[in-house]
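Alright, structures below, take your time with them.
Consider the two complexes below, in which chain A is the common component and chain B and chain C are the respective partners.
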Partner chain A sequence: MEAFISSTLFFLTNDPDEETIQLKTMELFAPLPQLFTSGITFGAIYALVGLGFVTIAKASQMINFAQGEFVMLGGMLTFFLFKEIQLPYLLSAFLTIPLVMLIGCLLHLLVIYPLRKASLPILLMATLGASLFLSSASALLFGTLPKALPPFINRPPIDIGPISISLQSLWVVGATCLVLLFLYLLSHRTLLGKAMEASSTDPLGADLSGISRHLMIFIAFGVSAGMGSLAGIFITPIFYVSYHSGTLIGLKGFIAAILGGWGKHSGAILGGFVLGVVESLSVAFMPSGYKDAIAFVVLLLILYLKPKGILGSPFIDSRRW
Partner chain B sequence: MVDQAQKEFRTRDLLYSIALWFLSWLIPDPQLHYRREYKFKKRDLFYLSAVLVFPLIWPDPHIHHLMVLAGIHGILALGLTLFLGYAGQISLGQAAFFGVGAYTTAVLTTRYGLPSFLAFWASAIMAAIFALLIGKPLLKLKGYFLALATLGFGEIFLVLVRENASLTGGVIGIFNIPFFSFAGFTFDTYLKQYYLIWGVLTGLVLFSKNLVRSKMGRACLAVASSEEGASALGIDVAWIKLGVFTVGAAFAGLAGSLFASVMSTANPETFSLNLSVLIVMMVVLGGMGNLYGPIAGAIFLTVLIDRLSRYQEYSLPLYGVILILLLIFFPDGIGTRLRVRLIYLISYFGRKKRREKVNL
Partner chain C sequence: MKKIGWIMLAAFMFTTWMTPGYAAKTSPYRIGVNLELTGPWAEVTKTLKNAMMLEVERINKAGGIQGRPLELIFEDNGFEVGRAAANMTKFTRDKEILLVVGPFEDNLQATTRAIAEREKITNIIICPSNPMVRDLKQQWAFNIAQSDIIVSQKLVDLVLARKYKKVMVFHGAWPLAQSLAEYFKQFGEEKGIKVIVSPETHKPTDIDMTPQLTKIKPVLEKEKVDAFYACTGGPPGPMITKNLRALGIKTPVLGTHAFGFGFIIALGGEAMEGVEFPSAKPVVFDQLDENDPAKPININFDKRWRERYGTPSDQIAGYGYDTIGLIEDALKRIKGKVTRSSFREAFENTKGFKGTHGIYQFSSTGHDGLSKKDMVFVRIEGGKFKRIQFPGFD
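Moving on, here comes the complex of A and B:
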């Protein structure tokens, strides 16, 4: 903010020569296309994490604050299998996904299922406690140093005019589209997906028609953990992943899901891209230290002005909130 | 036959009721608020004398320091229990108000040389102003969304503290905050600080006891059970929620001020999400809807963290596991469940004898 104000002051105090102003504005807006593309990459990650939240919300209307830890575990486990055990890259990535899904299912069995009748603050605290356990346990097992994987395909980034796109960000966007397609097919074309949605929209009705609600939530936890680990595998080549990075990514994914419209797959995707682009463009106008606050400012604004999100939400103003 | 057996007086019933009476001294009664009017009872006297005597019978500076921390956590938890336990709303932003209080005291005493007694009250007022400003829009929300929004406020506060280094000292924080002093008396040893903190806590407990029994406290209980019902009775739900939120924030501001002047430092690492989670955990484990529970929870968790810290890198995973187990096995507070279990156990033997008699 200070830099922005000082640059504006600079415009005002110095002689308003048109050429200089044009030059200054050019300098200000020159990195915008590049920031926009990196925002898209960030956005795809937030969308992937947000989809994990939505999957659980579609089955039980609860929120799992340990979702970000699945992302962290995805990156950490792949790194562990690839570097320590020296498995091939592809194999370690494919092994990580079922492992993290197993952890997600265990989380449901050991923490969420025993608390199925508990009130909201207790459920919230239990998932936060699980998040604390997962992050500190992974620090214990894999070390506290930040880790980075090599990119999937080692090629120089593609240059299109002034912007350069790394291949890894294309991978991330592609993975988001694939996961969205998978979730669309799951919830619109299979009986399992319909049963999951039924168990959240009308628990009593689901019970009466013979749907085991707890089984549905169990499966939803597995699926969302798998999606989280996928996000982790795809982002570790771009960013460093360390044991405590899961919480912030999880929260931003949740904000993305609320921004687009809580409880909708399309909402999570749209919210993720909007949040990523806004966050990355903010770097041009503000000191980068404020970047983490942007997401939360967006959250407060959307909750205050339009709690249903951009695309509208099927869940808000229903029973639980 | 059954009625006769129940009416019959037996001397051994006295024994059970004596045990129950002693129990009622020690363990708070969660249903107190709708059972009977509050009077100053023997239990309060017992707690007060225990607080007064404790550091004298256990003269270990480490324990004193630990209890100072526990007292600060107790003030925080007491502020939150008004909001979470009585008004039924959840807040994960209590650490931010704690931070507001700590930084107000730190800046006022080190930069402007204000006496710490004035800074103490200024921090409470500052935290209350912050709470009024952000509570007005945020308290429309409920449940998970309120939790997330308050959490977001906490994160924004942390970023602001880190970035405005000229005011708050950035990541490093502010050092050499003077000890709390009042009328020429400086609280510079752990023992003096213990009496300072627990004295403030006693005052705040008395304040909350009165608040809970006032019109506002009863309105809070109505809001917690049903917002629609409460507004149908003519209670201004938004105002009540905002008022309780502000009072809780002012408590947190006081705690922050005491923390800054006891520890002599304020840095942003202290006021992170972990502290907010810890405070909510204290309230949940202490039992929602009573005033002594959160303080007991604060002492319990502070001592637990201190005991766990000797296991070095294993302490955090262990802490997580213990928290989850406590939540699973004591979902409505350790005190509440323990009380119910003990009453059940004590009265079990009585009922057993009586059952045998009836069956014969």
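Moving on, here comes the complex of A and C:
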């Protein structure tokens, strides 16, 4: 926050003399295509994290604030297996997914299941605690310095006119599409997916038809942890991973899920892309110090106009508004 | 029973007589150490802690200072201003504590400096001074590391040596990075370099600078900028370089002294190749001139460090070595009673102490120990730090 204030102050006090750059209207729009492209990459990441939130929400109406930590663990464990144990890159990435899924399932068994009779806010607090535990444990086990992974395919960025796209961004967008397809098939084509959704939309009905709701939530935790780790594996080569990097990315993913419509896979995807693109494009018109604040302003504006998110939410009762 | 009691007493007396504490006949000099042992800088401060412990051990093994050993008392401030201030106050209230070392990070030190000034206790700061407190002319705080002024001066030399005419500065939005940018602009323009300070900045938490750099890119091309100065520290440095290269910008990148860490190269990968920056000497100690006094000190320290911890030493370990060395040097020069004020006076009169980072000179007007001569130019080549030299610029 301090850095943010000083950045804006610095910008405001920095008089536009002949040394500082005067961006003319023409130049203002020149970077837009590139900013849009970078926004799409971020959007895909937010969408991927948002999908994790939605998967758990669809099974239990719960908000899992440890979702960002799954992303962090995805990057961290891959780094650990690849650099410390020196397994091949691909193998470490593939091993990481089940490992993080296991952590997700353990989180359910050790934190959520014992609190199954507690109210929703208490569960929320429990996941927040779990998130702190996971990030601190990662700091103790893997160290506090940031870590980076090499790109999957080491090639220079592709230039299309004024835009240059790094290959890793294409991987991220591809992964988001793949995960969306997987979730679509899971919830529309399999009995398991339908049972998961039923346990959230109509708990009593699910109980009556013999669906074990706890088992469904257990599976949802595993699936969402797996998706989080996938996001972590794909984004670490673009950015870096450190023990506290999960918090902000988890928050942004949560915003994406709310923005698009809480409880809808398509909503999380749309919300993620809207958030990513708006955030990135805002830089063209405003100092970059406002970038993180823009996300929240956009969220507020959209929720004023559409309280149930862009695509509407099955969980939020409109009568309450 | 009585017999056993006598034997125990005899044994107790014998052992106490044998211990060095008794041999020294005096209590140790207690030094409070206020560090970010947890939080994002935990690994870096652990290196500092280890280096200080290694040095204190060496001094105590050699019989201490005039028979009195040193003792370090560590307190963790968790990278929080409140806890750093609480630790500082705790140390100052303990009459046994002679001086306080730390905190390490720039944003915590303004508070502890103010407490040091009020309570009249020496506060040794590791990272460069916060530019906002420089004008206060504080009497009780001393800086170990290279200040923003000398880093900027050395960088201007690098720019002149490379014959760059126009430099774009992309700086972080925190006081130290801002002051590095301002000093670079000031010194650079004195030497006829055109310095363009970007109105776009970044925060330490920014993991992607592509939006800002996209906005700067047309200016870089239009103004035909010769070099891009990533005026920052920590992870943003390699991220800027990485994002620049991903945007297809080939402009040479200049960095700050905060680029001299192995993890910075690891984060940036191939993009870091060719980055040049003014650096502290321990980063390339094996490549220093033969007649440089810092070279044998570094080689000797690195050997002891490797024997003890099994890893190569780095510039942070060097700060630990220099801090304890400076304290030892000051204590040895005190004639008469060692008090907080006599220690401050002795420390302020440090002249020509040779450490791993160079030669320290303190005076009543200069509380930054090092000078421009204690820095070298470094280029990243093949994933390693390589010293570069220019005739007339060393």
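We take it that the second predicted complex is superposed on the first by the 294 of 321 C-alpha atoms of A that agree within 3 Å, B and C clash if a C-alpha of one lies under 4 Å from a C-alpha of the other, contacts with A are read in each partner's own complex, and residues count from 1 in each chain.
Convention: a residue touches a chain if its C-beta (ideal position, glycine included) is under 8 Å from a C-beta of that chain, and two chains touch if they have at least 3 such contacts.
What you see is a predicted model; the values in this text were computed from it and never measured.
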Touching partner for A:S200 - first (chain B), second (chain C), both, neither: neither
Which superposed partner A:A139 touches (first chain B, second chain C, both, neither): both
Touching partner for A:K147 - first (chain B), second (chain C), both, neither: second
Partner chain(s) touched by A:Q34 [first = chain B, second = chain C, both, neither]: second
Partner chain in contact with A:I63 - chain B first, chain C second, else both or neither: first
Which of chain B and chain C A:M125 touches, first, second, both or neither: first
First, second, both or neither for A:S242, with chain B first and chain C second: second
A:V283 touches, of chain B and chain C: first, second, both or neither? second
Residues of chain A at both interfaces, chain B in one complex, chain C in the other: 139, 287, 289
Contact footprint of chain A on chain C as seen in their complex: 38-44, 107, 172-175, 178, 185, 195-208, 210-212, 214-215, 217-219, 235, 238-239, 246-248, 263, 266-270
Touching residues on chain A, where the partner in the complex is chain B: 62-63, 110-111, 114-115, 118-122, 124-126, 128-130, 132-134, 136-137, 139-140, 247, 251, 254-255, 258, 287, 289-290, 292-293, 296-297, 299-300, 303-304, 307, 320-321
Residues of chain A touching chain C in the complex: 2-4, 6-7, 10-11, 14, 19-21, 23, 27, 30-31, 34-35, 38, 42, 139, 143-148, 150, 154, 157, 159, 164, 166, 238-240, 242, 244-245, 248, 280, 283-284, 287-289, 291
Complex contacts: residues of chain B adjacent to chain A: 84, 90, 137-138, 140-145, 147-149, 151-153, 155-156, 159-160, 162-163, 273-274, 277, 280-281, 284, 288, 313-314, 316-317, 319-321, 323-324, 327-328, 331
